[in-house]
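Each structure below appears as structure tokens.
Two complexes are shown next, each including chain A; its partner changes from chain B in the first to chain C in the second.
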Partner chain A sequence: MTAPPPEVAATPATPASSVPRRHVPAALRPVLGLLGCVVLAVAVAVAAPDPSEQLRRRWSDAGPGAWAVTPDRSARVTSVAVVGTVDPGYGDVLASRQALVVAQVDVAVRHRVAQLNHVYLRTADDKEYAPRSELSSAGLAQTQPGFTRHATLVFEVPSDRLPRAELVVDADAASVDGYTDAIRLDLGLGRTVRVSPETVTPAPASVTTT
Partner chain B sequence: MIMSPTAARTPRRRTALGWIPLVVVVLLVGLVAATGGLAKAPGVGPRRFAVGEPVVLARWVLVVDGVDLVDTTSYGSPSAPTLRVRLRATWTGDATEPLLSSGLVHVVVPGGPPPAADVSSVAAGAYSGGFDPDVERPATLEVVWPDGADETTPRVPAPATVQVVVRDEREAQNFLYADQWQVTDPLGHVDVPVTDSRTR
Partner chain C sequence: MRRRRDGTASRWSGGLRLAVVGGAAALVVAGVTGWYPYAQLSPHVPAVTLRPGAEAELAGVRYRLERFEVAPTLPAKDPKDPPAQGPPGSLLVLVVVSQTVLDRSVALDEHYCDATLTEDDGATVWQTDSDFTTLAARPASFGCAGTEESPLRYDVAHETGFSFVVPAAAAGHLSARMAVRDGPTVAFEP
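Entry: the complex of A and B
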């Protein structure tokens, strides 16, 4: 004999029609919709990372004298001098109360033309120093694929910022930046950097076939 | 007639409660005074800086070293009479800045005809390029004086001093561009003796 199923206390169903519903007045709906959009836009703007700080790079690193290689270009530092005076060979002599870093670099370009207009010295505390434009005739410039540019870059930097500084050959400066390759070259500057009193005259830039 | 205890306390309680706002005010004034809020405020309005005194701005440190009145370019060719302001400028940003911010410095000639509105930057010695972070370097600004003068303008007496007016910058936040800065009202000025180096 089978036991009868236990009785389940039935819960009286509440008819949906009896639940009070709050209606948003029709006149307010567009306003609330607009407010929602504004709140969403502000939230996105506040939460989105700063694009200038979130540039994505695939870094290729190399020590002094060694080539750093990326698909489009390779670069190396062949010599580094830290001096107080640079004579461009014309006009006034650049005499600094800080330190002048004179770096000879080679950049070999492949596949596509390179502007080489975004190269800088980066210090350990993330300050960026552009090459002195007074000596641009010795510096980097647009280079066609299949050629290697040999240049001398001069940076003026406080001497206490020089330890562990590196040379960055970054992606060409453009209106839109994206995910790309870039090069970091160790300048070989140790913990203490001595500024030499000698005067250096940079050689003019030259180009050879790769 | 016997009054209830509640009725007897009510006037005294009201009197005591009446002191509370006064006590609060005294405490607040005391707190403000203790934290320096009643100290005499510094003078409001443009400040006066000395020649050679660093003027610390939001992104720059400027030092006004002198003003020359010249009528030749730095290459020696004739030019309109020009007030040449010699500065030292230190950029305090994180990356090399190509130019001195426009509008930071302008020149006023007290009692004299006004100079031109445009202030141009020219090479200062070996320096003609950008401003590196925390590296002081010379900078030279030029302004034609009087306004509209050229090489043929009759010579006018040189002013004894001019005012080099310095403005600061403040960051203008917006959602479109990063690192937007606007020039503020004048921060102060430097009274600078003028060296008359005209050749004509």
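Entry: the complex of A and C
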């Protein structure tokens, strides 16, 4: 058995016209209107997604030895060695406390000249490493359409960061970074990487017709 | 000012009206500033196509195609050096253009140009080579504005050389284009 609802004393309705309203001075109304627009614009700008690099790339992926293909270029990794010492064949031998990743890469170019100036190693925790510049003579460089450039790239990376690292042949670095294609190549390093004590001499870069 | 039935002025009508007008004006200004530079762009359609020996006068400059060579090797500048050659399976292309500036309003030191080589369909574009043809016998000027040693002068023919390296498979379908800054685009065919 439920108790009857308590009686609520009815309060007389207040006429809307009699509710006191705050008065906004006429001179302030345009300012408030514009302020509202500015607030709306700021809200849209803050809420819009960040146009990060991930959003600007259409990635083409390939495993070790396989070609990754985009409309303007293709690339593959033909061999990878992880060593502690690299002998460039001239000057000083490069010995590192970290790991030296020596990757042989082929890039075939079509339609437009490629600068190939934005190539790096990316680790699983999203760190990026550029090739060692003192070995740039063996590296990738401007390549004309119809030709394939064969190059050796050397990266110095802490060995604990190497598992599942990949080589990125990104769009050419330019003043404006637009939406475009890029290549990710699996270096096949797996979950555990052992640094070999041997010394490697990078093969010189070369160009052949595709 | 809009008024309600009871005769009082709408509280926000003035601000909203100004916001709408201001927003529309901002959109118009943004649209015009974006559209105008785009409308000023013109495609680099060649004004004329020249074959070896032919010439044309465009915007106060006379252009003449002197040579359009396609060969596996080019003679070296120094006879003691071996001939210039590209990678196996490639051909070298040398396009020599003579320019004579006739109009004094053409600024000689700003007469820049960019040359490219294309296949007939334009789908593949080569830029000038700076690796394999540097030692070939060719004009000293790599660009239209001349060099310190070989400056551009009014009424004097000036030779410029553009060199390219292409795969041999593309050799039968080539044409070169020279786009002059703020000027015409001239096409050259062998």
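Here, the second predicted complex is superposed on the first by the 176 of 210 C-alpha atoms of A that agree within 3 Å, B and C clash if a C-alpha of one lies under 4 Å from a C-alpha of the other, contacts with A are read in each partner's own complex, and residues count from 1 in each chain.
Heads up, the rule we're going with is that a residue touches a chain if its C-beta (ideal position, glycine included) is under 8 Å from a C-beta of that chain, and two chains touch if they have at least 3 such contacts.
Since the model is a prediction, treat every value here as computed from it, not as a measurement.
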item: Partner chain(s) touched by A:Thr192 [first = chain B, second = chain C, both, neither]; value: neither
item: Touched partner set for A:Gly91, first chain B, second chain C, both or neither; value: first
item: Contacts of A:Thr209 with chain B and chain C, given as first, second, both or neither; value: second
item: Partner chain in contact with A:Tyr120 - chain B first, chain C second, else both or neither; value: first
item: Touched partner set for A:Glu156, first chain B, second chain C, both or neither; value: first
item: First (chain B), second (chain C), both or neither touched by A:Gly146; value: second
item: Contacts of A:Leu34 with chain B and chain C, given as first, second, both or neither; value: second
item: Doubly contacted residues of chain A, that is, touched by chain B and again by chain C; value: none
item: In the complex, chain C residues that touch chain A; value: 6, 9, 11-12, 14-19, 22-23, 87-90, 123-127, 129, 164-170
item: Residues of chain B touching chain A in the complex; value: 94-96, 125-130, 132-137, 175, 178-179
item: Chain C-touching residues of chain A, taken from the complex the two chains share; value: 17, 24, 26, 29-34, 36-37, 110-113, 144-147, 206-210
item: Footprint of chain B on chain A - complex, ascending; value: 45, 50-52, 88, 91-98, 120, 126-130, 132-134, 155-158, 161
